[in-house]
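Chain naming follows the written order as A, B, C, D, E and F, and within any one chain the residues start at number 1.
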Amino acid sequence: MLRSVALATFLSLAALPLWAQPETRLEELHGKKILLFTPHPDDDTFCCAGTLALMARGGNQIRIVIYTNDDKGSYDPEMTSEHLARIRMHEEEDACRILGIGKESISWLEYHDGMLEYANPRDLVEEVTRIIRKERPEVVLSIDPGSEYVRWHKTDHRMAANNTIDAIRAAEWHLYFPNQLLHEGLQPWLVPHEFYFYVTDKDANYWVNIDSVVEKKLDAAMAHVSQWEPSIHHYRPDWDKADLEKTKAEMRGHIPKKDGHYVEAFRTTTGFNQE
Amino acid sequence: MLRSVALATFLSLAALPLWAQPETRLEELHGKKILLFTPHPDDDTFCCAGTLALMARGGNQIRIVIYTNDDKGSYDPEMTSEHLARIRMHEEEDACRILGIGKESISWLEYHDGMLEYANPRDLVEEVTRIIRKERPEVVLSIDPGSEYVRWHKTDHRMAANNTIDAIRAAEWHLYFPNQLLHEGLQPWLVPHEFYFYVTDKDANYWVNIDSVVEKKLDAAMAHVSQWEPSIHHYRPDWDKADLEKTKAEMRGHIPKKDGHYVEAFRTTTGFNQE
Amino acid sequence: MLRSVALATFLSLAALPLWAQPETRLEELHGKKILLFTPHPDDDTFCCAGTLALMARGGNQIRIVIYTNDDKGSYDPEMTSEHLARIRMHEEEDACRILGIGKESISWLEYHDGMLEYANPRDLVEEVTRIIRKERPEVVLSIDPGSEYVRWHKTDHRMAANNTIDAIRAAEWHLYFPNQLLHEGLQPWLVPHEFYFYVTDKDANYWVNIDSVVEKKLDAAMAHVSQWEPSIHHYRPDWDKADLEKTKAEMRGHIPKKDGHYVEAFRTTTGFNQE
Amino acid sequence: MLRSVALATFLSLAALPLWAQPETRLEELHGKKILLFTPHPDDDTFCCAGTLALMARGGNQIRIVIYTNDDKGSYDPEMTSEHLARIRMHEEEDACRILGIGKESISWLEYHDGMLEYANPRDLVEEVTRIIRKERPEVVLSIDPGSEYVRWHKTDHRMAANNTIDAIRAAEWHLYFPNQLLHEGLQPWLVPHEFYFYVTDKDANYWVNIDSVVEKKLDAAMAHVSQWEPSIHHYRPDWDKADLEKTKAEMRGHIPKKDGHYVEAFRTTTGFNQE
Amino acid sequence: MLRSVALATFLSLAALPLWAQPETRLEELHGKKILLFTPHPDDDTFCCAGTLALMARGGNQIRIVIYTNDDKGSYDPEMTSEHLARIRMHEEEDACRILGIGKESISWLEYHDGMLEYANPRDLVEEVTRIIRKERPEVVLSIDPGSEYVRWHKTDHRMAANNTIDAIRAAEWHLYFPNQLLHEGLQPWLVPHEFYFYVTDKDANYWVNIDSVVEKKLDAAMAHVSQWEPSIHHYRPDWDKADLEKTKAEMRGHIPKKDGHYVEAFRTTTGFNQE
Amino acid sequence: MLRSVALATFLSLAALPLWAQPETRLEELHGKKILLFTPHPDDDTFCCAGTLALMARGGNQIRIVIYTNDDKGSYDPEMTSEHLARIRMHEEEDACRILGIGKESISWLEYHDGMLEYANPRDLVEEVTRIIRKERPEVVLSIDPGSEYVRWHKTDHRMAANNTIDAIRAAEWHLYFPNQLLHEGLQPWLVPHEFYFYVTDKDANYWVNIDSVVEKKLDAAMAHVSQWEPSIHHYRPDWDKADLEKTKAEMRGHIPKKDGHYVEAFRTTTGFNQE
């Protein structure tokens, strides 16, 4: 398959970075449909919370689709997966609310934590293709299936990264999953802009200045109480004030900066890249 | 497993590029058996048409094995997959004819476009191993499962890339798929030379000068009418003359050059690389 | 999921190399439980024999877990897979004995050579998670699922590399495979130190000086008689003296050196890397 | 698992027929939610059209869920699967309209004809469980996974038969697919009455008198134009009057009778049968 | 494959019942190794508790292997799967203790309730083959994959039934899973006697008089507290006395009788039946 | 899907036996194409050798397709699977030669014994569909996926039985596996007559008198030396004369008789049965 716009790329792979200049600035979008895919209900917060807050402020319609229910990551011996899934759902809703996104904007694909890799890959692409064709987003954000980064990407992250890209490609052509058009009336959709988070320094080519929303990002991160000490070891639903301040301070110190500003980094592309 | 010729590599991975010097120049082969694997019926044209034309001119026996039938990539709302598969088959036959390769030299593995990833991987290796043992080629060309390149390789490309390499390895040892020897009389075969196309700049280590056949390459590319505007949006089986000239000119401008010559790039290796 | 120790990493991927400083030196360990996973019964010898010899000398308890039985890699037309599996088992036992490791320390996962990729991945992770939780090792050694290296990693090597990492992650959380705790009494286990062999120059960050055991390494490698000429073509269980000396000399010449010393290279990490 | 109501059955399988007395007569239901699962969009017509017409007349809410799109069964050499799927969808809508069921009451699961067997069975159960929990039907009708009948049941029919039964069982217990409750608010649902069509004489234990709607049944059957001669060989969307009358007469002659009345046969059960 | 003892069967299937005469009476065995496979930790109690009590009394070594952990079958909205698995494990241990079987005699295969069907079937056969070869039982008891009965057998029951039979066959031939011999020293084992429970009236050909242990059977059944009302709806770990007496009485009334005696029914076979 | 000839059946399953009258007598066929599918290379001999001999004598073109290589069924501890596969291939060739069928008429699908169940079912149907469309047989013989018989049918037998039926159905419709037409020129084929062997008494509806070829059948059966004592325990390629006579006599005594004649039994059908 060949998109003619991508002709240069097809013949000369070296040209790739050249045409990857984003014509769209996420932080300046207004009234657009934004679709974000995240492996777990915290990856979006840690990687994109600032950008999400800016896009929410811009009056964009944001839909967050979460692959897994994150029901494994607790050291608390009394915790069960069913309980943890419930906790993680509410924490994600809290985090999103802080960023200006209502819980009706969150969709859960309901896979279990650490088990996404074992889903049927064809069906998973079909499911996400359906979502893209329904939402018809101006922008998709997802986790980067980047080059060097592959060793960190096993299981949920790798599967989510590749799956979203595959679905973006399939969504564009009506002959993929044609029953979606026939039985559900879903037209194909070519995603205009893709931004990938969880990106290596080497691959990042786009940064969002989040100075104005960095406190919201910190608060959203803190809303994931059960992901942090001490709650990750002995679950409690709220923070002790001292713990909260200490954790927030530590996190603030680690938020990446560029030219003196807090940023979130992305790899963006507008062209031929799923071939 | 250990090929003793690869001893240095095994112990010191840094040595890899050193022994990758091709002793065989594709463009100088005569009367050899060449086997090319391509994910779709156009990847071979876009990446190797010049080289194929040179090898056909050299009197080599070329067999082209195509993993998928490319039955998805059309924006034409009237198109069906069955119809598109027929179109793509004839276009590939036309493209090959232009390069001097008859349609009896083309084999189709009959997978559907975008669905190769979901084939049974063990069976797919067995199927391609059988082809290699039957053909006993001097040279195999295939798509590169290269390092950085992995993000472009999802689905058909990645699956085809890895699968061919796995089959090259399996073909060499009679204990892989031993029924092929027992019931079909197929002896193991060690592929002497491997050339991978669709290669990154960083990995390319071999270039074929295609100056003398660049027009053939352009004509072959144009034979894939349904892959280009306007046919990709509203199918027509032939070109309007003006569209043809414009598209050809644009493509000519994008063919990679090296030292002032039109080239096709490859990564070649003769040793231990499937371990 | 988020280990708080990995906070910096999570927010800024560039920081990764900084905290990868090994606090533990393999060659100085005493009385520790060491767990090594190897795709085939010779990868451990070729990559780690010296280090294994040093750790055995240090009085550590070493368990070697071998994913496949290596029952395909012979050119001998009279060889059968059942016979080769038996040969390879005894060769591995011989090699380990030379390094100071008894055969009761070897566990076989019993997959067939070249077929590990086709195992059920969820079950394979569960199986290795069980082993980690039973052994509770101070150090795990395994094959590196490294970045650029991915093209050499198809089938057994890639599957073994990714699978071990996935199991290391799963072993840590009691909600992965909770029946192991309920029905077998296996508590979760966080592996303190990971060392990956079969590493690229670019990724290596730890080297063991094996000067004092290089002869043991050579002898152990020679114990894999059926992997070398002439036995790989016409099986014989022992060496002709001249062949042995020649092969050993050739191999000695290829063992990597650093600062004038024979070394074995690893990538080590102690933190967040399976996310 | 054990439903205590089924105690007798559990201990003595011979008791099964005794408690299978239907307390509910399909033809007398009013204002109930009815859920029918059919492998293809014509099995429901051929087996249940009369009963459906009676239930529609009774003011029940009927939802028809169709596993496959029936896109293979044409001898017309010009037919494509995409085209046939469209035809079959419209024919089913026509047939249902004749029976008094609007097209908004039809749901398509979008599997391809003859390929249901190869769907991921766990996911298919989950999907149908979700539908049952959403619809909360008083009665489920589905194809019978009956005893002797198994040889006619391969592929779509067998898979649909078993899958519906599995989903009926799963729907009842909240611990199956608990994310449906957590993320979608779907409560478990115990299906009170099950009726299985496509039943052998030996297994049938319930008959609906369809005398009053037999013409509707014939008309609905005729609406599946492409399933009959001559359209099945050379597609035409409508009937020649003579063909129509002849086919209808032939079919009328074959509708089963019991005690002089046209009937449709079922196996019904209200108790323990999915264990 | 052909066991010569089964020659008559092979040529004339009608002869089957004739040679199925059990030479071995379960209730008269002493000092034998008995191996029982059950889908869930209660099927063995409901179908075989009396027979198990008699065999335990006879001084036989009984091993009970349980495919699933039965972690789904509760209506209690507060129940989680992890909790239910723990409950069911202890209830099974209690039931076995009542029958004279210690908890060290129970092995759990750790599959989740309702999910056995989705296990990798080849691996599941391998796992059970290993158990048979280790235990080398005189008698295997398992759930019957009987003829008419297939519709009750979906998911766990069908899978367990077929899987045990497949493993019995595989265990007999050393060329199935030959690594079990090579790496674990497990010799093939031909199971002398097979008894299948959960059998239809039509297939039953063997009955055990359980008059002398019927109270033990009732007590063992009652030990599965969470399987009965009211605990199945609102979990409590013990019985109210009145509930207990009522449930026990009801169950007593349903235990099958033959010639005035309480019995448990089986289908037994000693010959060729897995072909 | 609906074949109109099968209308009666579709509406009333009770009618099945009525139209199953064979219009074709196997033993009277001349110059026809016959296609037989057998799970192992001896099932055809034991069930159909007489019929095969009669059809070979009738000048029919017989193709025998064997699903598995039968490489497991030996008790000889020195046997390996590779060796056994070779033995079984030659024995089948010998048996066929005795019946008048040359070894060029035998095709092997190359699956391993006992592992057919684990093949990819969709691909296996596609593979056998291709064979049917290539051969275009007047008659297909295969193993019966009969009703009561299902318990003997696990693994290879059940899989082969169902798979052949599925392929017979798929072969008839060009929209199944349409690439076989497009890329290989294979037209759909409706198999006129189906005969199923390995049939229960209850299902058998067709018997071939094999009086005139019963000695050939016995000789063919004896050609499978490694399937009988003593060779099955300690392999020897030939018979001791006394053993041979004794085994042959025993087998002769077990060949089914009907009305005083040696027979082979089948279930035959000409109509709608794969729905």
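Rule of thumb we're sticking to: contacts are C-beta pairs under 8 Å (C-beta built on N, C-alpha and C of every residue); 3 or more make two chains touch, one makes a residue touch a chain.
Note that the coordinates shown come from a computational prediction; the quantities given were computed from them, not determined experimentally.
Engineer: Sort out for me whether B-D or A-D is joined by the greater number of C-beta contact pairs.
Structural biologist: When B-D is set beside A-D, the one with more contacts is A-D.
Engineer: With chain centres defined as mean CA positions, report which chain is farthest from subunit C.
Structural biologist: Relative to subunit C, the chain with the farthest C-alpha centre is D.
Engineer: Which is it for copies subunit A and subunit E: same residues on both faces, with over half shared, or different residues?
Structural biologist: Over half shared, hence same.
Engineer: Report back the single chain whose CA centre is most distant from the CA centre of subunit E.
Structural biologist: Relative to subunit E, the chain whose C-alpha centre sits farthest away is B.
Engineer: Between subunit D and subunit E, tell me the centre distance in angstrom, where each centre is the average of that chain's C-alpha atoms.
Structural biologist: Each chain's C-alpha centroid was found; their separation is 35 Å.
Engineer: For subunit B and subunit F, let me know how many angstrom lie between their CA-based centres, rounded off.
Structural biologist: 41
Engineer: As a quick test, compute the distance in whole Å between the mean CA positions of subunit C and subunit D.
Structural biologist: 55
Engineer: Touching at least two other chains at once: which residues of subunit C meet that condition?
Structural biologist: In subunit C, residues 80-82, 147-148, 150, 178 touch at least two other chains, as defined above.
Engineer: For each chain, which other chains does it touch, given as pairs?
Structural biologist: Pairs of chains that touch one another: A-B, A-C, A-D, A-E, B-C, B-D, B-F, C-E, C-F, D-E, D-F, E-F.
Engineer: So in the complex, which bits of subunit B are touching subunit F?
Structural biologist: Touching subunit F from subunit B are residues 69, 82, 85-86, 89, 108, 110, 119-120, 123, 175, 177-180, 182-183.
Engineer: Give the list of subunit B residues in touch with subunit C in this complex.
Structural biologist: It is residues 1-2, 4, 7-8, 10-14, 121-122, 144-148, 150, 162, 165-166, 169-170, 173-176, 178, 188, 273-275 of subunit B that touch subunit C.
Engineer: Any idea which subunit D residues touch subunit F in the complex?
Structural biologist: Checking each residue of subunit D against subunit F gives 40, 42, 46, 70-75, 77, 79-81, 84, 113-115, 117-118, 147-152, 154-155, 157, 198-201, 224, 227-229, 232, 247, 250-251, 254-256.
Engineer: Going by the contact rule at the top, pick out the subunit E residues touching subunit A in the complex.
Structural biologist: The contact residues of subunit E facing subunit A are 80-83.
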